[in-house]
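Two complexes, one shared chain (chain A), two partners (chain B, chain C).
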Partner chain A sequence: MFGRLLKLVLAVTLLGAVYMAVTMTVGGDRRMLLIGQTTHAHHQLEMACETCHGSSIFADAEVAEKTLNKNCRKCHENELKAAKDSHSRKRFRNPRMAEYWDRLDARRCTTCHIEHRPEITRASAVTVAMDYCVACHSKGEQDIRTTRASHAGLGFETCATAGCHNFHDNRALFEDFLLGHAGQPEPARPVVHGLAARYRARPVSTDKALKPGDAIAPSAALAVPNVLEHWADSGHARAGVNCTGCHATDLAEDAPKTQALAHWIDVPPMNVCMACHKPQAKTFVMGRHGMRQHPGIAKPRNAQRSLARLGLSQVMPVSMSRWLSDPAVPAWMTVGEARLPMRADADPALAIDCGSCHGEHALDTTRAEVEACASCHDDLHTRSYFDSPHHMLWKLERAGEAPPGSGVSCASCHMSKLEHRGQVRTTHNQNDNLRPNEKMIRSVCLDCHSLGFSLDALADPGLIRKNFTGKPGVHVQSIDWAIARSRSNPDAPEN
Partner chain B sequence: MKRIAVMVGFLWSVGVAMTTAGSSEGVPYAKVTDMLYQVMSANREIYTRVVVQRLTVDEEVLIASEHFEDDAGLPLPSQMFRFVAEEVLDNTEDFSYSLLSLHPINKKNGPATDLERQGLEHVADNPGENFYGEEELGGERYFSAVYPDYAVVEACVQCHNNHKDSPRRDLSVDDVMGGVVIRIPMD
Partner chain C sequence: MLTFTEELLLLLGDEEGLFLPVKEHAFECALAGAILMDLAFDFRIDTDLQALVITDPTPTGNPMLDRVLEKISVRTDITDTPTWIRVLATEDAALIREQALDSLVNRRILERQHTRFLGIFRSVCYSTLDEAPLQAVKSRIEDVVSDEIPDPRDVALISLVDACQILPDLFPEWETKQTASRLELLRRMDLIGRELTSTISEIQDQIIRAARAQAAHFKQLTLTLALVASAAVIATLLVPGIGIPDHYGPSLPAQLWFDDSWKQFSGYLLLALSLTGLMIALALKKQLLVWLSGSHRWRLSHLALGIACVFVLFMHTGFRLGDNLNAALMATYLTVLLSGALTGVVVGGAPRIKQISLSRVFAARRVLIWVHALALCPLPALLIVHILTVYLY
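After this line comes the complex of A and B, so read on.
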């Protein structure tokens, strides 16, 4: 009996070892091999291990880590450049910084951000203790406690947690910026955000505008309830984009209507949207909603090629290599896969693509700015929005009782407006100004609020949960300290 | 940005050519760093004179500012120098260089190694002389050279003497303000 049990255990162990060896070297789903839960951004691509782990599985640890860090930069480098990274890798690559490499090696992302370690992962995927500044700013001329009187009694765990500093992004937190905005009162309401005003007041019709009777589509498609009305009232119809513009993209512009049916596609793929809305698509795939389309995501391994590399292509039947294929990263994130709280009545199978927020035919940007978000997201911050001053301003603007650009929607803060070569565009990358939340100050908050209020409000988690209904319950002293230091130095020039 | 890329490309190609020659054909390290310094120094002077001086003083169409993006102005010559130095570090480990001072406005630009301090003191105390030495950093041996950095125009002096974080406010034109440190790994 014991002998049979032992054989069974050995057989199962052997099978498990073979499975692991095959999935690691040839192909197959490797998610059961994950050493720990991935963070709540990377979990969307955890079936594509090579996105991060690009080196050979037999590479030594140093090579593997270098490759890992190189792949971090592949996706995050532009974001860090935009943030004017205060601790950039290139600065720390200088050998004169060697002393710091042993304290906190800023040349490697993995010094502070280790994946698959949920038990030690903090906000912004930081996996070191939050007093990490102590490593370099507690000694010699870098000892901030002796060089800044205001910092004498502060704990290092507060540097990056009190609304004063960030490791990478300090665009709204450096001293001259604080001094430049010191003493500013809160602007009188309503405040009009210029870019939003231009966007919302953009022309509603053009000379190319189409009417319902102009629609070119199969009669069955036109018979679908609301479709024709939604299209005729949309930006597409106003801009002269007929049904065939999306449903028959390979139809020549001057082709007769009768040919439309032959080229008709009932459900156009998303790249049809992306072909025209390139700037929006580019930022969409960088954000949480569309990151599964990010060009940096590794393609599935080719099992046949892996077998050939191992000299097994002749002994392994083709059907076997198909069975060993890697699971492809799904095209889109679904509501059911979200780690953030979602509404119980939101369809878990709903894929987050352009249509899920804008609607396939209505293309309603107003809905996309608020209702679309709230139809899925179900956290306190989202729910509180509808009782907030921001929403009140939004309602007034929608009712025509306040000027365009004075309302504040979800998108106003999380998908803000940008200007590029005179055109106003909406970034679809929420990460641009999401975390740390001070990233939002320049691009969003200062449009309507003073810097002092913004710093205080963003440092108050309770106020954020209430969607800024009320006054900040905390005060960030950065501006006060900057003023005091400026006044204590009579030789300093006025700012 | 294009200008930075051109400067980086030029510096990088000169650096690679020189260090290759230095290691395989016996060109002394000091000769290599001297040549690198000539390129850096010429680039800096041209940027200062042809770009900054012309646009900010002669034609008065722009300002040069520490916060040049917020102020829609030009980067200061010292900032441009450091941007290019960091860009080089992003592309190669064959050499590195820094603009440092015993009296830096930003503390991170003060001496970080014994050789840097020794070299900066030497070029400050011995006008016209360079400093050469070897040091071990992060387990690697480096040839390090320090070249004096002078206050070439009044604008350098004014900025440093008036900056709120400047620890030294008695600089005059032609004073040694700091030094350029160039390093080449010897292994």
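After this line comes the complex of A and C, so read on.
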């Protein structure tokens, strides 16, 4: 019996070893090789290893790390540039900064962010101790405890956790910015957010508006309950976009109706939406919802090419080489794949695309601002929103009892409005101002609140969980200290 | 005429010509006792209740016997038989075995053959050239156990064979109870000459006592080490993984568990230790490490190596069990370690539990050794992939 068992175990081991060797060198699902859970940011693309690990097999460790860092920058560099990165790679590549390289090498993202290490991953995917500022700011002219009297007794673990500093993005925390907004009172309510007001009260073209009778679609499609009504009431109908605009896109605009139906597709791909809504699509693929469409994601390995390189393409049957293909990154994230708490009644198979928030025919931006989010997300912050002052303002605006732009929806904060060449657009990259949350101050909070209140509110995790129902329980002293320093030493350089 | 030592070795020979112990703990004592019996039958030593004394220091002409005789005459600090058996068993058993095998080779009874295992380890085995002496020894034992009136040398021989506990292996058809009662009867009979009776009886008793004491000593050590190993493996499973230190900067935990160079060092050290354990087990199976054979020493060294492996595993992982392939590797490795440790617990601890029958102990040991061996099979493949992933990605 032992002999038979031994043979069985050896056979299974051999098969497993061959399979693993093939997946590593030719193609196949390599997720079993992951050394640990991928972070929330990257788990959606973990099957496309080459997105980050771009160096060739058995490349030198230094080369491999450089490639890894290069790939980090490929996706995150623009974001860091926009954030006026306080510890930019460019600054630290300067040889004059060489003495800091051994302390904390800010030239490399992997110094502080290592993937697949959940056991050491802290907030913002940091994988070093949170008092990392001590590495450089505790010695010589950088010793913050001696250069700033206010910082003398502070622990380095508080630098980035008390709402005062961030490693990269300090746009709302620079001393000159603090001084510029010092003493600001809380604005009187209701406050109207200018861009939101312009967006919500935007004029809708009526000269091209289509009626239900203008719809060009197969009768079976028109018979689907609510579809026609939703479309007729949508921005598409008001802007003159007929059914064929999405369902028969390869058709000439003036083609006859009969021809249109021949080109009909029941479920248009999201490329159809993207073709017209380019700015929204561009930011959507940068956020968590749409990142699987990010252009930086590596293509699956070509098993045929790998086999040819190994001289096996003639030996291996085509069906086998197909079986060895890398799993393609799914087009969209589904609710079931989310790491954040989701509602039990949310469909786990629901793919997050334009239609899942806006509705396929209604294209309801109002629903997309609140109800769509709350139909899936089920964390305390989301649930508390409905009892918060923000929601009360939203309800008043919806009821017409408050001016447009005064209501605060989920999207007001997490998908803020931007102005580009005179047009108001919604960023669909909800991560753009999410972490660290101080990123929100300039783009969102200051529209309605003072800087002091915003700093305090965002530094209070309890208040955030309650969706800002109540007063901040903590006070960030940044502004007080900046004022005191500027008074005592008006010539001191600001930063 | 063959000496007792040579006769005993002939009986211990197996089909592969390895001539090694069946019951290791008794083997060394039996060899020591055999040589004392040879000296007693040559009227060179005598024993009484207090001491073992030399009655005739004249060399016997047999280098093996003469070396031990000289040792007894030189070492005046040791006087009693039990101590001499223990000393000879500990210090001289391997040499006695080699000298006895040399003698058998010189007499053209055995032929020495040198081979290499895996092209590295030198291995020596002995093929039988002349079957007659072995058959003669076996028939003498058969005669003694049957109703024949035995010769004093036969009684002494069978007491040695009994001490080695190899009678069931030599004569599986014999009824154990029947044989035991016959042996007991033989012991009570005054069959050996008056001048030798007390010496032989004393040596017989002391062989058994020394063998038992040595076995008990090793079993105690085995149990202790096995319990330590088991506790260490269970702790690895249950203790939460150690996180990154709360303070930035060089520190032992940060270096040990999160520095790539240190992790490589501990990883390769673990690999080296594991390979050593595997090679020792293989070498013992092929009888390549004679110095580790003949007692529980190999088991103790195997257990000590297992404990070292758990310690280095802790250095490598900090109690973190890993994910995916690493989790599979960890599970397999811990299964190997735990099954090995539990085998040690069964071997070392079973004699203490009177309620458990020997057959159950053997069954438990067999199952654990199976698990130990089966879990070892996927380990090399998992380890290779684990190492490759570090360098590939």
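One rule holds for everything that comes next: the second predicted complex is superposed on the first by the 474 of 495 C-alpha atoms of A that agree within 3 Å, B and C clash if a C-alpha of one lies under 4 Å from a C-alpha of the other, contacts with A are read in each partner's own complex, and residues count from 1 in each chain.
The definition used in the following text is that a contact is a pair of C-beta atoms (placed from the backbone, for glycine too) under 8 Å apart; a residue touches a chain by one contact, two chains touch by 3 or more.
Here the structure is a predicted model, which is why all the values come from computation and not from measurement.
Asker: Based on the shared chain A superposition, would you classify chain B and chain C as clashing or fitting together?
Answerer: The answer is fit.
Asker: For A:A123, is the partner it touches chain B (first), chain C (second), both, or none of the two (neither)?
Answerer: Once the two structures are laid over each other on A, A:A123 reaches no partner at all.
Asker: Applying the document's definition of touch, where does A:L310 land relative to chain B and chain C: first, second, both, or neither?
Answerer: It touches nothing on chain B or chain C.
Asker: Please indicate which partner A:A484 is in contact with in the superposed arrangement: first for chain B, second for chain C, both, or neither.
Answerer: Neither partner.
Asker: With both complexes overlaid on chain A, does A:L340 touch chain B (first), chain C (second), both or neither?
Answerer: neither
Asker: First (chain B), second (chain C), both or neither: which does A:A262 touch?
Answerer: In the superposed model, A:A262 contacts neither chain B nor chain C.
Asker: If we overlay the two complexes on their shared chain A, which of chain B and chain C does A:A98 touch? Say first, second, both or neither.
Answerer: Touch status of A:A98: first partner only.
Asker: Nearest 10 degrees is fine: what angle do the Cα centroids of chain B and chain C make about that of chain A?
Answerer: Rounded to the nearest ten degrees, it is 100.
Asker: Please name the chain, chain B or chain C, that touches the greater number of residues in chain A.
Answerer: C
Asker: Once both structures are aligned on chain A, how many angstrom separate the closest C-alpha atoms of chain B and chain C?
Answerer: The answer is 20 Å, the least C-alpha separation in the overlay.
Asker: Touching chain B and also chain C: which chain A residues?
Answerer: Chain A residues touching both partners: none found.
Asker: Which stretch or stretches of chain C touch chain A in the complex?
Answerer: Touching chain A from chain C are residues 241, 243-249, 258, 320, 322-326, 370, 373-374, 377-378, 381, 384-385, 388-389, 391-393.
Asker: Applying the document's contact rule, which stretches of chain A touch chain C when the two form their complex?
Answerer: Residue list for chain A touching chain C: 2, 5-6, 9-10, 12-14, 16-17, 20-21, 24, 31-37, 49, 53, 57-58, 61, 64, 104, 116, 119-120, 127-132, 134-135, 156-157.
Asker: Report the residues of chain B in contact with chain A in the complex, numbered from low to high.
Answerer: Contacts found on chain B: 66-67, 70, 85-87, 89-90, 93, 96, 98, 107-108, 110, 112-113, 116, 137-138, 140, 142, 162-164, 169, 181, 183, 185.
Asker: Using the touch definition up top, name the residues of chain A that touch chain B in the complex.
Answerer: Listed in rising order, the residues are 88-91, 93-99, 101, 141-142, 147, 176-177, 486, 489, 491-493.
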